[in-house]
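As written, the chain order gives the labels A, B, C, D and E, with residue 1 at the start of each chain.
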Amino acid sequence: MSYFPSLAVFFQIIINGTFLGTMYGVAAIGLSLIFGCMQVLFIAQGTMMILAAYSVFWLVYFMSIDPLISILIIIPVFLVLGWIMYKGMFQRVSQAGPSSTLLLAFGLMVFMESMMLFIWSPNIRSVKTSYSTSAFQIGDITISVSRLIVTVVAGIATCLVYLFLKKTMTGKAIRGVSEDRVTGMLLGINPNRVSAITFAIGIAMAGVAGVATCLIYPFDPYFGFLFSLKALIAIAFGGLGSVGGALLGGIILGILESLSSYTISPGWADAIAYAAFILVLIFRPQGLLGKAADKV
Amino acid sequence: MENHLLELRSVDVSYGDAQAVGNFSFYIDKGKIITLVGANGAGKSTILNAISKIIPTSSGEIFFSGMSTAGLKPEDIVKLGICQVPEGRHLFTKLTVLENLELGAYPVHTRPFMKDSIEKAFTLFPILKERINQSSGTLSGGEQQMLAIARALMARPKLLMLDEPSLGLAPKVVSLLFKTIKKLNNDGVTILLVEQNVHQAMEIADYAYVLQTGTCKMDGHCHDLLKNSDFKNTILGIRE
Amino acid sequence: MKQRSILYRITIRCLFILFIGFLITGCSKGRGKEIIIGSHLPLSGPGGLVGLEQKWAYDQAVKDINDAGGIYVKEYDAKVPVRLIAIDDESDSGKAAAAVERLIKKDGVELILSGSNGAMGVLPGMITAEKYKVYYHGTLIWLETFLEHKFKNCSLYNFDMGQVIPMCFEVWNSLPKDQRPKRPAIFVEDSFDGKMMGDALTMFAKKFKYNVVLHQSMGLGAKDFTTQVIKAKSANADGIICLANTPETVTLVRQLKENDVSFKVFQGFKGTWPTEFYKSLGKDADYILCDGFWSEDYPFKGAKEIGQRFFDKYEKHSTSVGLYYALCQILFQAIEKAGSTDPVKVRQAITDNEFNTVNGKVKYDGRGVALYTSGNFQWMNGKQQNIYPFNLAKYKIKAAPPWKKR
Amino acid sequence: MLRLNQMKVHTKYIAGLIVVIFFVLCPLFLNSERSYFIYFLYTTFIYITIAQGWNLIAGYTGQVSLGQHAFFGLGAYITAITWRAGLTGYFDPLAFLLSGTGALLLAAIVGVVLLSKLRDDYFSLGTLGIGEILRVAALNGGSFTEGAAGISLNSTAYKSMNHYYYTALFIMLFTLVVIVLLIRSRVGLALIAIREDETAASANGIPVLRYKILAFSIGAFVTGLCGSLNAYYIFHVHPPGVLSLNWVVIPVLMCILGGAGTFMGPILGAFVLSIAFELTSIWMPEIHPIFSGAFIVLVTLFMPSGIMYYITNHKSMIMRRLRLTVFKWMNQKA
Amino acid sequence: MNKNESQYSKKNNSKKDVTGDDIFQMKSITKRFGGLKALNDISFNLKKNEITGLIGPNGAGKSTLFNVATSIYKPDSGKIFLMGENITGKRPHQICWMGISRTFQLAKTFLSMTALENVLVGAIYGHKPRARNVRQHAMEVLELVGLETKSDIITSQMTLSDRRLLEVARALVSQPFIMLLDEPMAGLNPSEIKKMLHVIEKAHKERNVSILWVEHKVEAIFSLCNRIIVLEYGQKIAEGKPEEIAQNNNVIEAYLGKPSS
């Protein structure tokens, strides 16, 4: 504890790390879902987030809709977008193996980045709300309102996805199919349809993450790639394919970054995150939270 | 033709260039138990998978209730009323018992009866009710097999196909299982049973087909076959 | 199957034709009766924002000179129009070198107008131009780096880095004594500029008798600065100097406010000058200082007009287009004075003469370097008010009140 | 039959030789200081080399590495540091050797740790992490790496583009020869066996880990050579330049596009992608990145396993169509 | 053949021949997967120059036993000896070098290679010290299994039967003392089975190799084996001469099921 001047500072750092981590977590949930169901590392996830952020920017700019309300528009639009992307591209390519889908995702990323650059110019954009810079105090700890809102939104979104997976037939089918595709078929489940739904939800989660992004950060078309990388680390922490694990993994990553940037140096924070990530991969390949799989 | 529930006419199935099933024909009538027996690799599971459309047939036709199933997808087959319990059970091990059962009633037309079907499943296999919220990977082998059958029954199949249900189960459990299968049949479910536990399968079945390397070597009523001296040798692969 | 094969045929044919076409274009060089000037700009990638303004300014300068009939070149004894070929270097050092290779070899340009962003653009551009002895009319690179490479075919017109650092403290000193910050915190990003500036700032702060209480580096693209803010808070910093990109700076300011870390002066570099900075923060951006290459309020000929033109086009003000415009003005005047487009003669003309630009009089020294005084601005009600150089500035810096009193 | 086969092989060699001679002679009839084509070939050679290095570990051995930029960057840094310290000079073979060896050692160490523990996607993610760690380390390397500022090298040393062109050509040919020899030799047999079936390979006596590390290290070695050459070309070594993800992403794209696990694939992919990027940036400068993205998407949609596989699978059809076209054309003439 | 012989004796010299005819021993091997005991306290010996059959119903643990024997799985308890030397926990490739080679139930040939290349892999790597003139060895073995005319065919274009023969060849070329065959006849038709039987017999005779052989085609196993081991539920339920096994009630029950009455 000698690293920290006071306990309050320590908790402040933990809380800020959590807030930061939730951002990574939301980005990671979609990635994790898609990976769990289709074994596709969808590295364009961060770019999809930024696409959502730009959409929110337009909604705010042209229609003066509050960013939080715009979630209600973004989610259905991105669901449809995800569905189309799966049906139009990934279903076709997924038979050709993981390197092809990775390549496709990368191509999509470049394509979307440049489209956004073309449409919105490289100028950074931002959405300003009444709560952008407000904060309140609990004891000695300062809590940022916008980051709290994002954390709450992220929590709600995660819960909704979790409940969807737990409670609905489609959700159960998704979980079933990601475990065993053929048996799913034997039970009358169309695995392609289920994959399309999963993909759509994954993309919609990118939409939610995008809304969260524009509440906190100014952004430009290239802002998303870093989120893709961090989300990858987060799902490795949480165990590939698990939803709660993705969020938790994100939070762990956020706290780790905050702590190391306070105690060591912000410059090393990234390296420490990556080193921790590699260590986790080596010693617990199923993720910090995953259960060891039987090797049969 | 109309009176057969399921009919296969000279079906061929190949994996790559290896023919797994050649020129296989058979039929099942409503309310019967038919068993396919034969050594490992004889092509029994392949036939089930071909009926379920998991693997394509290279030639021949499959009829269900007098209707050709050509061009249908696996999920359509389930909607028609054919359910398969795959070899090795293939439960969704991360899901709970209840969730596994619910997924059995995935086809839309079966969902209204879901609660009812679950009740039925629990009366059939009371042990499952005790494990209702346990994840299915933690069940014992016998319980898993029961769950797999119960799951397939959720879709209210007209034809239930069981692939090696006794695999890896203790003898006690096996006889219990076969009793249950017979009971199901008495309740009106037509059953296609693939088994290597020949004796017990033959005891409950009406008619049997003996397969060897993808072709039907002999067929007949079970009690006739059991008396046939060639039968044992065929099964063991001793007879050429 | 049939569909695929047609597609395949088309693809292969296209590729073949493209390849042949490429061979032809790759070897040909079009030279007409015009002066071809090349430029590589970060039109995409992280530097895109700067690149667009730069390209606009270059285009304006070229348009203006062509409207006037072109540059009088003695060699041809005629007024020759100028053509600018501006290509994208994707804000990447490797691509910048490739872009300059292309300009020189494929497009056959004789003169190159500067790219942007120091180590990621200008430096590889200069090195490449130097290899083929093509004149590179440069800006926006550290003087030390420029001198280190002993360029013979390049020149540098840039603001004086040696002046920018003390400028920051001179501006602070111009405040009444009780309003001056005493304990500055320095935040710099993990980059070339950040490292150089960070060290220099710490050194000069001592000279100006400011006690630097915190010197923190920030990861490029970092998303959270609370740890730095907490440290600033516990160090009780009251003045902040920050060098980072706009998104990072915006996040930093937001988090300063959230954590109620007030400052008397916030001197921003690089990240604070775009209008988007103000748009992102609104009123919170008031009182924040930004560096700037140039101001449309300067009393030089054409300054007001070029600023106005930019405003008409983009509905925002710029503190940089004047520099780029002036850079073109220098080049065009030098060509006229050299009477030739020959790189050696042009460079000679550059060092021999004095030029009138929208950024005042420019005189290069023997090393091919001309430095000018950088501007400093304070955001106030959505406009950057020029507060430095003192002799040109119309406004005076105001210390910022604490967050709670705004 | 056998003779026909041999003849085919011979024509292949002769065709290859002609292409190589063409490349060697290129600077003689094109002024290398003034021809963009020479520069284009130079960059393409570098990309081919890195792509082939990646191909060895990913295409032939089946372990998808995303950390090649670490080796590229390390090579560049070793060259820069040794040159600055006066240990080596401009275009010093020793510097190349050191850079390659440094990258090789890093790969061996990383390989022992990662290849023994991680499979498939996890290995990819792990190598990606290694690259990023190296980048951060270079940023924080103090006076040794000059941090973010990077190391400026003496650019007055530049003599001629020919040096670069021939060195790149040499490195590429070296890589190609090494890879051909490896793949044709016992080692190649082991590598392909590992890709096809690790269990079977191991059960047939192949020390799997050792060969994986070998492939990884050789790939790293040639990538390090490229990094070294790039340091000499750009005269300024700094993290965002030489440790950029571009140095892994673009070669990987080229390799997959051409067909991973084939010899011609990376070569074809490098040329196709370079030409596509180049042409779009010349012809449609405004929207060229959009086109690049769309190009990658379209190719993966229609040729998901790469161009080489497409050609091999459709060879007979292509030949038939070709013959048909010729036939028609001749009929029209008659 | 001579070479094989000489090597065998060399190894025997270096290690004291404590086991007599038993060249391979498994001692109370147990292997669990999760809660399931796939192998439960299995012990048996293999004798020199003997073909041993391993039979049992599906899921009895035969493949697991093979995987433990070739170190693909580590046993939870128990030890494995080759020539009296403890080889438990060695890496799979070391096991191969020491003289145990195997085939796989799913015919794991290297699909993108030609038949010859497949065998070359075994010839080059399967054996320590590395053999010379491997190509000749490989061709000899291909001839032995009757694939010499198909040596240049890519494996993915071969029939299943040829691929199985190829696997036997690949296992044989590493000059093993013991060859483990995992259902080499699964999916073959009667004439192909005959061919395979012939090949196994020839290999055994010409190469002096002990064979442990899992098979469902009981007739085939009865015709060739000197000794048969029967597994059920991961336990050894019988061991003996084929005639004894055919009469053993436990075995018949294991295969055909017990009549419930």
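Simple rule for what comes next: a residue touches a chain if its C-beta (ideal position, glycine included) is under 8 Å from a C-beta of that chain, and two chains touch if they have at least 3 such contacts.
None of these values were measured; they are calculated from a predicted model.
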Other chains in touch with both chain C and chain D | A
Please give the intersection of the contact partners of chain B with those of chain D.
-> A, E
Of A-C and A-B, pair with higher C-beta contact tally | A-C
Find the chain most remote from chain A, comparing centres computed as mean CA coordinates.
-> E
Here the gap between chain C and chain E, centre to centre from mean Cα coordinates and rounded to Å, is 73
Distance from chain E to chain B - Cα centre to Cα centre, in angstrom = 33
Chain D and chain E have mean C-alpha positions lying a whole-number Å distance apart equal to 42
Multi-chain contacts in chain A, i.e. residues touching at least two other chains, fall at 114, 117, 265, 267, 270
When you check chain B against every other chain, which residues touch at least two of them?
-> none
At least two other chains touched by the same residue of chain C: list those residues.
-> 43-44, 190
Interfacial residue positions of chain A with respect to chain C in the complex = 5, 9, 12-13, 16-17, 19-20, 23, 114, 117, 121-126, 128, 132-135, 142, 144-146, 216-220, 222-223, 226, 254, 257-258, 261-262, 265-267, 269-270
Mind listing the chain C positions that touch chain A in their complex?
-> 43-49, 51-52, 190, 216-219, 221-224, 226-228, 230-231, 234, 246-247, 250-251, 254-255, 257-260, 274, 276, 279-282, 284
Which of the residues in chain C come into contact with chain D in the complex?
-> 4-5, 7-9, 11, 15, 18-19, 21-23, 25-27, 43-44, 87-88, 90, 92-94, 97-98, 101-102, 104-106, 119-120, 123-124, 127, 130-132, 145, 148-150, 190-192, 194-196, 220
The answer for chain B against chain E in the complex is residues 15-20, 39-41, 137, 140-141, 164, 166-168, 170-171, 174-175, 178, 195-201, 203, 213-214, 232, 235-240
Please give the residue numbers of chain B that touch chain A in the complex, ascending.
-> 52, 54, 73-75, 77-79, 83-84, 86, 90-95, 99-100, 102-104, 106-107, 111, 151-152, 155
